[in-house]
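The structure that follows is given in the form of C-alpha cells.
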Amino acid sequence: MQREAKKLKVGIFDFTDCEGCQVKLVSLRERLLALLERVEIVNWRLGQEKNRMDRFDLVLIEGCPITQDEIDLLKLLRERSTHLIGFGTCATMGGIPAIMDQKERAKWYNKIYGPQYKPRGIDSLPLTSYVKVDFLIHGCPVDENEIVRVMEELLSGKKPAYRGYSVCFQCKLAGNPCRLINGKPCLGPVTQGGCGAICVSGGSPCYGCFGIRDTAQIEGLLDILKGMADKEEIERYFTMFLRYTKEYNEIVRPFMERENG
Amino acid sequence: MKNLYAPIRARVTRIEELSENVRLFRFKKDRGRFAKNHGGLTFIPGQFVMAGVWGYGESPIGILSSPYEDSFMEILVRKVGVVTNALHRLNVGDEMTIRGPYGNGFPISSFEGKDVVMVSGGCGIPPIAALIEYIIQKRERFGRVYLLYGAATPEDILARKRLDTWGRHINILLTVDHPSPEWKGHVGLVSEMVKDIEINPLNAVATMCGPGPMMTALERILRPLGISDRRIYVSLERKMQCGIGKCQHCVTGDSYVCIDGPVYNFDEIDKNWD
Amino acid sequence: MIKNYKMEPVIERNSIPSLLKILSSDYSIIAPQERNGEVVFDDLKDPECLVLGYKVTILPPKKYLFPPEEILFTYSGKGVRTPSITSKKLLIFGLSLRDLEAITQLDEIMSTPHPDYFYWKRRSRSILVGVTDESVHAPPGGDLILERMDDELYRAIPLTQAGKKIVKGRFFKKQDILPHKGEGNQVMEELRKLLLDPETLAEAVKWSRAEGHPVWEELGKRCIGCGICTYVCPICHCFSMENSVSLDGSTCTRCRKWDACTLPGFARIAGGYDHHPSQKKRYYNWYYHKFVRGYKEYGKSQCVACGRCQTYCPARIDIEKELLGIVKDYREACG
C-alpha cells in the first residue's frame, strides 16, 4: 500500500453558482473528516475562517467564472496549483449560469434593470475556456460517491479516470422505464454515468450534467431524438448543460444545420 | 472453492532501472517458494503473471527469469498507466501482488532437437528471456539457436549483462538504429542480419515478439529463411482484467489470450480477427 | 411428457402468497413485482404484490447471483479478506422458463474453466422456482416449476430435493391432471427456432463479417453503445475490475463491475490502441460472443430469446429480425 507521506495542500474556491456542490462536499460527513485527516485545507471560504493564498497541491473550483475578478483569480489559482479540478457542472461546463445565451441575457438585463445597467458579468463560460484544467468532476450537483472516488484516486497518486459507462447503466439498475422507448427525449445514453440516474428516477429527463462520455455515439442518439422531438426541443436539451462542449459544437450543431438545410 | 481473484503477497527484493521507463523487478513469495509443475519448472516460458499493487490493480506481465528458479521471479515493467506507475513507485522490501502464472507458454518440448530463431525488439524480450534461460539449461537438446535483437540506441538494449551471459551459449545478433560512438556492433535493420544466420529451415522453429516489427520480422527474416508459418510462434497482447478466462476483455476471434494464448501459432493468427 | 391422468402435486393460485409467507422464514424471497408500470424482480415484502403471468422483467434475475458490483477482496496491511456471503438463503420465485434456462447456462459458464467463487457462493445458497403459463416438456432448470393449469390451479414439477421439500408442504395437494395445452410463449418465436440450430447461427454470424455484410455497417451507426442490451441480458456476464484505496489510506478494495462490450474501452489497452475501434466492431463482438464463441465453447448460443434486448434497446435494434436476415442471406449465399 502506498501513502502520500505529507498532507496535500488543498484550496476550495467558489465562483458564481448556487454553492450546492459544496453542500454535497459537507454532506460527506464522516468521509469528509477522513479526507481532512489526509489533507490540509489552506483556503475554503465556506468552511473555515483563516484562509491563505499559498501554493496548492490541489484546487477545487466550484462555479462559473463570470466577473473579471473571478477570471483573474482563476488564472492565479492555475499558476499556483499542481492539480486544478472543476467541481460541479457550473465549473466544468458553464452549468446553470450558462444556460441562458448572451443575446437573451442582454434583453433581460434591459427589461429588468433598464438600459443604463452595466452588468458585471462578462460571459458564463466553463473553467476550461480560460485555463487548463486537470480533471472535471461533473454533476449538478456533484455526486457524493463520485467526489470520494476522485479524491481516493488523487490521494493515492492515480490519475483520476472518467466513467466509461452511460447513465443508462444505473437507470436500468433502478428499474426505470426508458424514456426514449416511450417517445420522450433523454440524453442518458451519451452522458457519463455515476450520478445514479437520479433525474430519470425522479421523473425528469437526463440533460447530461455529468458530461459527455468517452466516445459517445451522439449522431445515433440524434437520429433517435429526431423521431420524437422538433429541432428546438433537441437544441434545448443539448444546450441545457452541453452548450460549451466540443461535441455540441462539432457534432450536434452541424447535424441540426444539416437537418434544416 | 477458491477465490481465484485474490492475489498472493510477494515482496520486491531487487529493482534495476533499465531505462527511464523500464524497470526490472525481482520478487519472492512472502512464504515459501514458487511451486514447480510436473516438468520441474516454476512456469512455462511465454507465460505471464498478473503483477499488481494493492489498491491499484494488476497487469499481465511476462516472466523474465529462469523457469528453473523457484526462489524468485523477475519481470520487466514499462511504465504506461495506473498499475505500471504504481509498480514503479515501489522500493525494495515493499509488497506487491501476484497471481499466476497464467497462459499457455511456448510449446517448449516441441522445440527440442530443432534450430531456434528468436526475433525481438524493445520490451518484447521478457517472454523470450525465459525461453533462452530454458534453452541454455538444456543446451545440448537444441540445435543452432539465434536471438535477433534490434533497439533504437545502445542504451535501449535491455538487460545487457544478461545478453553477455547468454552470448556464451547461443548466437546473439544485436543491432541499433542510432549508434553511440562506442558502439562496435551492427547498425541498421534486424532484417539485414539474416545473412548471418545458418539454420536448417525444415527443422527450425521461430518466435516473434515486440509490438510493431512483427510483420517486418516475418516478411524480411523468417520467410526468407524458409521457416513455415506453422512453426512460427507469436505472443499476442490484449486487454486483460481477470487472467482466468472469465471477464471477456482479452478475446480474439474464438479464443482467450489469457488462457489459450498469449502464444499463438502464426498460421492460426488470421483466425484472431480482432 | 405428462402421462394421462396421473396424480400430481398441485397448488391453488390463492395459496401461493401464503406459501411464500411461510417460506420467507427460511429464505429471502425475490419475486416479480410492478414498479412504475414495469415488472422487476425485487425483495418481496408483501406476497400479495407478486405478479405472475408477466411478459418480461427489465433486469433478469442474474443480478442476485452476479451482482452489478461486488467486492472481490479487501486488503488492510494485515492481509487479504474475501467478503463472506452469509445473508439468508435466496428463493427466487416466478422465473420464466427462459430465465431458468439462462441460469442453467450461467451455471455452466461460471464453472468453466474454474468455478467462480462469488457466483457459486450465491448460487449454492439459492432456490429457483419457475412459474409459467406454457406447458413444460423439458424443464430447463431450477428446483421447482409451477405450471399454470387454469386461473386457479398450478401443477408443481419438483426437480431437486429442495423442490421436493417445498412440494411436501401443506399448500400442495395431489390431484389428477388432465392433459392440457399451455399458452405457448409468444416472445421471439422465430429466434427461438433459430436457436435450435446454433451451428447455423454461428456459421451465419461468422460469414456475415467475413463477407462484409452491410448489416454491420448499419447497426454500427444505429447502436448508441448505451450498454442496455448487456445489462438486461440474462446471460451476458463480462466484467471489469475497479481498484481503490480508501480515503483514510487504510483499506484497498478490488471490486468487479458489470461491463459491456458495446462500451468504448472494453478492448482498449494502455497507450490508447483499441482492438475494437468502432461501434460497428464493438457491436459485432456482442453477436460474435453469443453466437460464435459461445457455440464453440458450450455447443449452444448464449441467448435464450427472452426478448429483453429487443424490448429495452433505445435504438430499437431487434436482434431477432437482424439474425433472421443474416441467416436468410447466409442460406441463400451458401446453400
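Should a chain be cited, it is by its letter among A, B and C, assigned in written order, with residues numbered from 1 in that chain.
The criterion applied here is as follows: a contact is a pair of C-beta atoms (placed from the backbone, for glycine too) under 8 Å apart; a residue touches a chain by one contact, two chains touch by 3 or more.
In this text the structure is predicted, and so the values were computed from the model without any measurement.
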What topology does the chain touch graph have (line, ring, star, complete, other)?
complete
Please identify which chain has its centre, taken as the mean of its CA atoms, farthest from the centre of subunit C.
B
Any idea how many Å lie between the Cα centroids of subunit A and subunit B?
45
Measuring from the mean C-alpha position of subunit A to the mean C-alpha position of subunit C, what distance in angstrom results?
37
If you average the CA atoms of subunit B and of subunit C, how far apart do the two points sit, in angstrom?
40
Subunit A touches at least 2 other chains through residues 1-2, 156
Multi-chain contact sites of subunit C, meaning residues that touch two or more partners:
75, 244-245, 252, 259
Two or more other chains touching the same residue: where does that happen in subunit B?
54-56, 82
So in the complex, the part of subunit C that touches subunit A is made up of which residues?
35-38, 40, 42, 58-59, 63, 68, 75, 77, 221-228, 231-232, 244-249, 252, 258-260, 263-265, 279, 311-312, 314-316
Given the complex with subunit C, which residues does subunit B contribute to the contact?
1-7, 9, 54-58, 80-82, 84, 237-239, 241-242, 244-249, 251-252, 254, 259, 273-274
Subunit A residues touching subunit B - in the complex, by the definition given at the top:
1-2, 156-159
Subunit B-facing residues of subunit C, complex:
72-73, 75, 80, 82, 112-118, 120-121, 209, 237-241, 243-245, 252-254, 256, 259, 261, 266-271, 275-276, 281, 285, 289, 292-293, 296
The answer for subunit B against subunit A in the complex is residues 53-56, 82, 85-86, 89-90, 95
